[in-house]
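I have a structure I would like to understand better, so I am pasting it below and will then ask my questions one at a time.
In this document, chain identifiers A, B, C and D correspond to the written order of the chains, with residue numbering beginning at 1 in each.
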């Protein structure tokens, strides 16, 4: 079938057509289960931290207006379905393989996508990918205001002008086209950092995590970014049927707005959500973890050397993998503990002595092995219980 | 990241670029499970009938070159992933809402999609949708040879010229824009049928089955078509995570080729695969059913009035729903029986008398309620057993 | 492997052995995903109503101590894994087909199951099934205090004595062994009702819903019960991989305790959770529905005859199926609306006139077709919006 | 509900009751999807090797007759549902924690399970677990003929008598109760091996793989066994919803019978199916792999330095993980390749030179990293192509 064919005057029609393309996506049709997948949003849960909301974002993706394979409205619909709060469509400025069919029109994807994003309450950030050979490679500029200005022969100008537009600039997939995909910090990056142009690095691009880049972020105090860089329909790259998700940058923003995101990116308040991992600073990972779990019976009774079953609910969208860091003198606790997403799990504990007759706070020291504060460094945390011991 | 940027002379580059777009889709990247969904094909199983192969086809879909939302290569990749053998991209000839961005270029989608289809062994059939108001509505013309010729002011000319190109022509979603979606057989259709132009009807379009149109196919001896008419990425319309599939036309072709498909469409050798149903003539549904199931122990022993468990394997991709049509004098059999796809199921039987001492062929009469030979008419078939009865 | 073999004195050992059987179930072992399914609980969500907690209960199940096929601790583990709050193991008093192997021991299943239930915080209610031919058929007696007393030749005595123990008594699967499974209200039931013995009816038993019994509950003001009556391991009857669940009785209890449940059963504050349906009185279904959904943007802007996308989140474990009851004068709303469990869905609305310039409360009248207040009678409810209309 | 209550004379009734317990399990009831999971069997596919059938077996499990938690018929139903060909119920001879409720009755589980196994065509092998402290630990004796005889004070007698009954004897979970679960080869095992009593070792028990024991099997030429040792309902230990399976011993038997299995166990023709791995000798793993895959287009065309997409179908129930062992001079092939179970996958190849004009057999050397011929040793194999090269 087709969209309504009535034609009218040009500007408003263009906007209306874009919204209709959105509504077309949301139209109720094929599914045997009675509802097209495009009409339902899977909410992700990560707790808000004090003073901020945790926004699920993806700042790197393409459409047919550069070398992507979907119309811009598809990016909005996908993001809404997958539970995101904000995206940026970052088509290449200089690389436009479809120009035989689609005349170059920088920023057009944003225009087409905007009405649908507004209708769905998704934050759409104007962005572009400055695309040169390595060095300096590819850089995303978010919050740009004049896209055409950046299409200059010399990349120095492009980056400088993006910075002058108050863009947030980060270096994409630093390992790309390097020998063995090993990221190299070129002089070009050093200069851009010094001038304050370069503010973030893509630690995760698509399915790939880059430990070298992760280390640079920690060391150089750059914002950690995790993006999909998707070109295809998302369902071709992410196995949703098995519960997979696209990589995301969790932005801890003071408010749910483009401005809020910009401020947080500048202040490096991001955490990367990659496969079943979170990558970020301990100051953010710790409250994200503690805000996700709830110990349902924190005051179990332990008679003699008896056992108790402590129940822990994990309301986040992430499984947590815990390993006991050090044994406690009074109670034995599991060496390994998995807390699956959105489930309640059991931690079996037992008293090590049968001489106690008191209630006592017991902080159990665990590492959460899939929360990474630096390459190969897990978050250390505590599960705090207050068992009631009785000697008999 | 981007595709390789080397440029060279135009014709071959165009072809190469198209294949690269295909390879890009197949590239190994995002998935947490180690493999992008785009790299695996889920094979569907429906048995071949004597003298023909059963080809899974979809002859109605759109791309950005009319009002669809994906690049043509996406249609090829989706079809391959979903186990199809053949598709036709049937962009609208007269309806081109993206022309502000993509200059009208009839047949361009085919050109772009062809190299990838060849690389994957998918049969790509050149087709277009002749798109007018109702009546006469929308018609698909498959196997067209000169697309531009069909872009004429008068639809009579378009249909006549398509027929002159030896196209296979069918009427799409007849209920569309009719009052209450109730399909109406207009004079225009009658004329086209009489002239031999109109050869098939879309009984299933997207998620919708049209019983009126099904009846017309039976009565007027027209080819039954079931198509997706997809505009979005397929994963937005079909809930693959719950095992859903797009609607398909199963073509019983003498050979796996475009020519084989054309001959079979003309000869009305099609069966529609819609949700968990097959729609078609009994002469095709009967061998499709019998070729899908295997009774693993057809000669069970029945002692006295004892019971036996008969195991039936269904190797097809369809669950079969059976209802007993008439009771048998010698054995009792289940009133209802479900044979899930790709599983072995149990049919519990028992002897009704304890006086038999022989082996005997017992044909059990069942209706397969999800195989439809006409609207509301199920396929009647038999499950044939040879129990060994003993009186004690 | 085996449980610890140390033996000691009898009473405490018995208790300890039972708990160990529980711990054995919870032991970490087989799964390729790193965690045995038995260690995780899937929480179900139904909102609490004012003044009550909504407890998920199953009051009918069997173990090897009558004709069931599992050890009693299995019933506790299953219930915990599936998110239940309370169960009763109701082995048959008079039907004991395993006595060749397991000497009859009424109430033994409760003793074995209790330590594990306590350790997991599951409410275990002492119950038994009084098991006679029809009429009067099978009756469950919950909260019994002396089980052996009920093992009498005359069922009148059994029921009377159960009532004297202050049991809550209900009639199980009334249609069982009736002609065509059609439930018949026998004189025996009438007598028991008159004497105040009979207080509830099983509207749902296992997979079967009984509309006649549902009608009786409405008409005679009896407590509606929905139970599994499971004999096998639950995973053999319920297809958890497809998101199915056992039938449950939702008890709206003043407190989370056996006493709380007893009071609520007596006061008929129950709702049955059967497949994707809730069955109960409108006074309970209405707040269960309204407490489950949240309209995320209840004040959409409608410009002229424009459209808006209203997002509705359903935090319950049930999909809701809505049908528009009557059209509204000012806005058009979907005729059908599905709100899948734990997802956010879209309701597309549009203004019918372009003359309004105000904010206005619009109550949209919907029937929720899978919430049943009586056989074939759906809950009528309203979705309340406050759109901001502007004429241009 | 209950099973039919009619009683008759004792011996046959016992058999009948057992079959009825089976039929009860298979009864059609709870599922929202219209069919209880217990009524469908998921077939596993591993190819038969020349001269043998590949039987899926589990030779270690428990019921309520020792320390298990299910009735014996449940073990039969589970095995049938999961696609097994043969099982042995191996209750402990000396460890009977349920004797307060179930008087000790060695071999009773077999009697109860047998009629159902026969009705379903499942091979049931009489077995018991000789259960002593370490050393010598626990040993399974399969094909025993007189169970009571083995209940002797001295384990030497038990093992000797089992051997005299021509039992197949293997040592269970050697690492159990050892320091850090590290398996120790005691003098007791050495003696039993020397006498020809000890014939196999459990390399896999439940979720645990033991590399030390794997090494012993290779070195001492003992039969490799992989068993579930399940005590609970299987669904509590295996996450079927995520596609997991119990560990199995694949027996390469000359015929599908208990005798066939016995001969093959003696001849060490077994392969262990554990998580997503197969463990066994290269002489068996190689044909299992090659018999599972089919290269759909083994003769691709390669023009110049062009690329081709080779499609490989894996019809087995196992994903194969391949790593390129050595590069080929003429074509480049993927360093890593995943062939998911029951899917078709793509292997992208390209010509390394553009000077060839011939068809040529190219054996690509891969290691299959999840097929293990010894601890940490993968199967080396070849994917053989015959590309048609053309220089232009």
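General remarks:
Keep in mind that, in the parts below, a residue touches a chain if its C-beta (ideal position, glycine included) is under 8 Å from a C-beta of that chain, and two chains touch if they have at least 3 such contacts.
Just so you know, these numbers come straight off a predicted model, no measurement behind them.
The minimum number of touch steps separating chain B from chain C is 2.
Centre-to-centre spacing of chain A and chain C amounts to 38 Å, using the average Cα coordinate of each chain. Each of residues 28, 35 in chain A touches at least two other chains.
If each chain is drawn as a node and touching chains are joined, the picture is one closed loop, every chain linked to exactly two others.
Of all residues in chain A, only 19, 23, 26, 28, 34-35, 39-43, 119-121, 296-297, 307-309, 311, 313, 338, 340, 342-346, 348 touch chain C in the complex they form.
The residues of chain D lying in touch with chain C in their complex are 1-3, 5, 14, 17, 21, 24-25, 29-33, 35-38, 64-71, 73-74, 77-78, 81, 92, 95, 97-98, 100-103, 105, 108, 112, 131, 138, 173, 176, 205-208, 228-242, 244-247, 275-276.
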